[in-house]
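Shared chain: chain A. Partners: chain B in the first complex, chain C in the second.
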Partner chain A sequence: MTSEAKREMVLLRSAEGSEFFLPIEAAEVAELVRDSLDENEDDDDDDQRNKEQREVDVIRVSCDCLAKVVDFLKHHDEEPMTEIPTPLGGNSFEEVMPQQWYQNFVADDNMSQEMLFELLTAANYMGIKPLLDLACLKVTFQLNGKSAEEIRLILNLPELTPEEERLAREEHRWIFEDNYP
Partner chain B sequence: MDHLHDAVFDVEDSEYEPSDNMSQSVPSTSQDHLERCGRWLVSIPRQDVASLQQTQEYHDFIAAFERLANVHRSDVARSRSFMTLEEAEAEAEAVPVPRDPLGQPMAPSEVHGRDFSFLQHMADDDTVLRAFEFLECRSLVRISMTCSRFRELAHRSAAQRTYDVAQARQLNNVMKLLRAKEQIDGIGTDIRDPHVRVPVLLLGRRVIVTNAGDPEYNGIYFCTGSNGNGFIFTKPRFPERRILRAQGTIRMRENIANADHRGRLESEVAHPGQLLRCIIAKRFSNETILWYISKEVLSTENAEGVRAGAVTQTFSYWSKLMVVGDASPDICRYPSQTSILARHNEGWQTLTTTRATRPPIVELLD
Partner chain C sequence: MVQVRFSEPTKLAKDNVQWHEFLSLESPHPYGVLPSGNALVNNSTTTTSRNNPKQAFVRQLRDETWLSILGFCNGYSLSRLVQSCRYFYVAGHQPELWRDLVLYQLHASQSHLSRDVMGDSWKDCFIRLQHQGKQRHSIPHKPLKISGFYSDDLYRLHSCRAFCIPPAWLEEHAPLDNPQHWTSKGLVPCIAAATMTSEKFITEFEQPNQPVVIKGAATSWKACKDWKDPQYMRQQTQGRTFRATSGAAPLPANFTLDAFQQYCSQPILEEAPLYLFDREALQPHSPLHDDFYPDLQRTCPYLDPAPTLLDTDDKVGHDLFQVLGEGKRPDHTWAILGGSHSGSVFHIDPNATHAWNAAICGRKRWIFYPPSITPPGIHPSADGDEVALPLSIGEWILTFWRDHQERKKNAPPHERPLECTAHPGDVVFVPHGWWHMVINLDQVNIAITHNYVSRSNLGNLLRFLRQKEEQISGCRDRAESIKPEQLHNVFLTALQQQFGTDAPWLVAAQQQAESHWTCKAWKDDDDNNNNNKQSRKRPLEDTGASGVKTTTSVMAKAKTSTNVEQSTTVASNAPFSFSFL
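This part shows the complex of A and B:
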């Protein structure tokens, strides 16, 4: 493992101003970081200052969430996450994502529902495809096999109007005729 | 939420009455009102928009819309930061254990979820669609029944995921379908008239294969296409038997088996992500047409005129065709059923390369 001290580092700053350092190679998985650093390097007026000052403000991500994002990026740099195929190649989260660290990263014991959604939004905002896929996969397996009412409860969604519900059931009668809930 | 009303362009007091496109029978709740406004906006004819843009009311509306969007964003951020995790846990402990409609106690993560709307967290359609991309159809249907926004996104997800199939089968172009119907009905069939392919509906019943000595063949097959001899029925060998790409080369842990009946197709180039299949289809053996069961195999190295990365077929079992009389003409379009062949003491049989294995039992489902 390459020592972080020997590698060029970048600073990510959260919405609250908390700062996180990580190697540039790890951070540049995020499109937001990559684009920000490219913009800074294009600025010819302050070349020296820009080279020393690799900082990126991640203004829409909270401190807690950014901490987890940084954890992910650091680990991904050491052990890249395998790409998730579609259709999924398994019936459970563990089958589709066999890498233990990534399983633990989004395990229910380690991450609340709220944080999972926050992470998902952050991954989309920062353009971190593997993290976005991992979070989406976790959400998918939470929803797979659940009834509409259970999904609505889990995600706190507003209901369809009675008319919309009636139309939806009519449209998808072919699925419900097989006695699925 | 009073500040929201100040920012909203008050449609009810406007000179512009909602068009008849807005449903007047929908109950006028605050949420429905916004949806109705949205639908009315979308329904304005394009030529009317140009003239509307010349009015002061139009510019007032745009400015009010931007103010509303800003208020919404700040309102969402405020409501999210209002309840910290500790407060949420304390509140969860103070109330009786909440139960879902099924009477089951809800997990703490589900209780937290009730205070934080999924839509607030994932307002971006692209993010929701990415999550939906992993959902199977049954779950996607159920999620489409949870709220109107998810109904639209679920349908959009399904449309995106089936674009290739719909395009190939001309299912996403109603004008082409109409032209195809006209052709069937004999309308506009002059040599100079435009023409399209007539889409064909494939056979609907499922075929189940069991007891095959090679377990890869066991499973349910669907009619997925046709060749020059009739319909073909396929299933994936296993979902994980995908062609992967590693370090610029196509790889797969498979060996090529020699086929008795010269089962090599014209080689196709394997595409990464392609599923290898088991196939039931009719082929000629000299002058006799028979049913064959085969599997697709990826060539991992150049051999016998087949280049690496090509997909070829290995044949394993065969049977005679069913006779009309033993089965209806409709059933005879399907692979020979073991129960019908048995009337003549026949059944599916092995080939030289599979002699050591059991032949399968093939029947129709449904």
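This part shows the complex of A and C:
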């Protein structure tokens, strides 16, 4: 456990300019942060590097989204997320991701579809593998076991033409022949 | 029967394959995907363009991200997804996704693939696996071409799978005696088998550590005549399964031979296709052993690993590992079978051994880089323990071919890469420490490869066994083999017992082993080499290469890559990326 003594902090700035502080170790899970800070360290102009002024502009992530990312990073620092195995080894999201906090983080009540997608994009951009995995996993289970029609609703997809639909159903008749969970 | 055509020796042209030649694809995308620039040209407002509001939501996520998500789905979910819209129809039919589902299922049920299960595609295979034991008929998957589908990532995936094989790679050249003729053109020297003697082999190639193609050395082997016949191969290997692997597959799989032949007959295989890499098939008592070994002794005595040769004349290049005895020595002889575009990405052979590789069926393209000259795109860790190579062959070609061309032209002569094509009957000598990549060019490609140590690399091998113990491979997963921590001492003792502790060459090798490397491929461990090192991993037994870890699967790329430049702000519309491939 980190002591109460002051930990080095870093500032993340969103696209609109909102600022978030968090410990450096937590932030460095993100490759974007690691790479930015590495560059700054080579900066010879700064003889006296003022450690409290470490900043990273995360110009492509909006304020709301970055707030959630920072939440994730802070928590991850205290309770690292278990790795998601492949194959998944479970039939529900809770089975694959047993950690309560992470379940809540992406629970339907706490996160809209739009925000989930924003988060996915942000995780990709910032290079935060555990967040990317978690969000991917969530989408997977949103789609798991749904019919094609339900999937279209969740993801707001256009419909197939009747002909395309017929061909697709015929080829995939086998999955309608079995009863399965 | 392909007629052998030899180009005129005087017209041996400099190898000058251009990057764009790989892109004139042998076949269009099976699902009709086009690069995104075409959307502008086609002036379409189709359902899959990013500007279409209904699609915009789904297309906010990059294709790689969707492929990550799809990679988590089970077969039922995936089947439903592909019916839900055009985007998922295309993305969800990536063969790598279905391949992985099959591999996981086979692994869980501890079973192998037989011909009746291996249909015409991985998806068909998955469905047949579900139907096993039930009375079910499945309709084979027939790709529908989706119009108006634009995606650079998915198109590129296809390019990596189905890149065009340049005609120059298929040409056959007459052997010429003077190696200089070849290396000045960026080609591996190609010497006629009839003119190769033990002395020539050792003094001109093995000792100076130079690669060579011994043309026609294996043409008269029984294997070259018989192994072409699928029926014969099935008979000889009846009931046996073979282990198949690839850099991209998450797990190996076991195939019967006819299942694998069925697999190879698919028109396009997935990126980094599976290939059989089997160490048991050619063991001394196996049926296939007699198809090559007696002929090898006759045509290439300098490559013969026979124990009886250990005591002969100084000049004979023999396989010193034989002193340990069959079974105790590390894995050494493999049968390799692969389909078109399969092969292995850049690696250095394990344990500092030399190797030879006889093409029995089908042609192979070889690309060599000299020891310590790292090929473009490859990042070995400082101690050589790990090589980060997140690329398949196709991806390496598309990304780095121009760098490779540049090296051929401009690097100092001793740092230049060399290439060659091995035709059936040719034997390629791979000197220890050389980087090499191999690409199979025909539909079915069979080869025999053998790794060995002779006096020319004994010093380095001993040094390797002692200093790079964690990288030793080929002996960890067999009960009877000597374990890595003992290999150095047991081997040295066995050599001393066989040849006497005073044998001059043995003493010299020991002294060299204790003081320095004579091949630049290996370096001593430094203190500050920890930057690139992750936790020390065992070498992959299945590839037989030292420490090469490839993460080429689409899913793996999607999970590990962070392509900062190409991601978009969610708030605004994604811009088109321009490409007119």
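Please note the rule applied: the second predicted complex is superposed on the first by the 148 of 181 C-alpha atoms of A that agree within 3 Å, B and C clash if a C-alpha of one lies under 4 Å from a C-alpha of the other, contacts with A are read in each partner's own complex, and residues count from 1 in each chain.
Assume contacts are C-beta pairs under 8 Å (C-beta built on N, C-alpha and C of every residue); 3 or more make two chains touch, one makes a residue touch a chain.
Because the structure is predicted, anything quoted here is derived from the model rather than measured.
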{"item": "Chain B versus chain C as contact partner of A:Met126, first or second or both or neither", "value": "second"}
{"item": "Touching partner for A:Asp108 - first (chain B), second (chain C), both, neither", "value": "first"}
{"item": "Which of chain B and chain C A:Gly89 touches, first, second, both or neither", "value": "first"}
{"item": "Partner chain(s) touched by A:Arg169 [first = chain B, second = chain C, both, neither]", "value": "both"}
{"item": "Partner chain(s) touched by A:Glu31 [first = chain B, second = chain C, both, neither]", "value": "second"}
{"item": "Touched partner set for A:Leu137, first chain B, second chain C, both or neither", "value": "both"}
{"item": "Partner chain(s) touched by A:Cys65 [first = chain B, second = chain C, both, neither]", "value": "second"}
{"item": "Which of chain B and chain C A:Ala148 touches, first, second, both or neither", "value": "both"}
{"item": "Chain A positions touched by chain B in one structure and by chain C in the second", "value": "84, 86-88, 117-118, 120-121, 124, 132-133, 136-137, 139-140, 143-149, 151-152, 155-160, 164-165, 168-169, 172, 175, 180"}
{"item": "Residues of chain A that touch chain C when the two form their complex", "value": "15, 31-32, 60-62, 65, 84, 86-88, 117-118, 120-122, 124-127, 129, 132-133, 136-137, 139-140, 143-149, 151-152, 155-160, 164-165, 167-175, 177-178, 180"}
{"item": "Residues on chain C engaged by chain A in the complex (per definition of touch)", "value": "47, 52, 54-55, 57-58, 60-62, 64-65, 68-69, 71-74, 76-77, 79-89, 100, 104, 108, 127, 130-131, 136, 138-139, 141-142, 144, 250, 555, 559-560, 562-564, 567-571"}
{"item": "List of chain A residues in touch with chain B within their complex", "value": "84-90, 108, 112-114, 117-118, 120-121, 124, 132-133, 136-137, 139-140, 143-161, 164-165, 168-169, 172, 175, 180"}
{"item": "Parts of chain B lying in touch with chain A, wherever the complex brings them together", "value": "26-27, 31-32, 85, 88, 100-102, 106, 109-110, 112-119, 121-122, 124, 126-127, 130-131, 133-139, 141-148, 150-151, 239-240, 242, 273"}
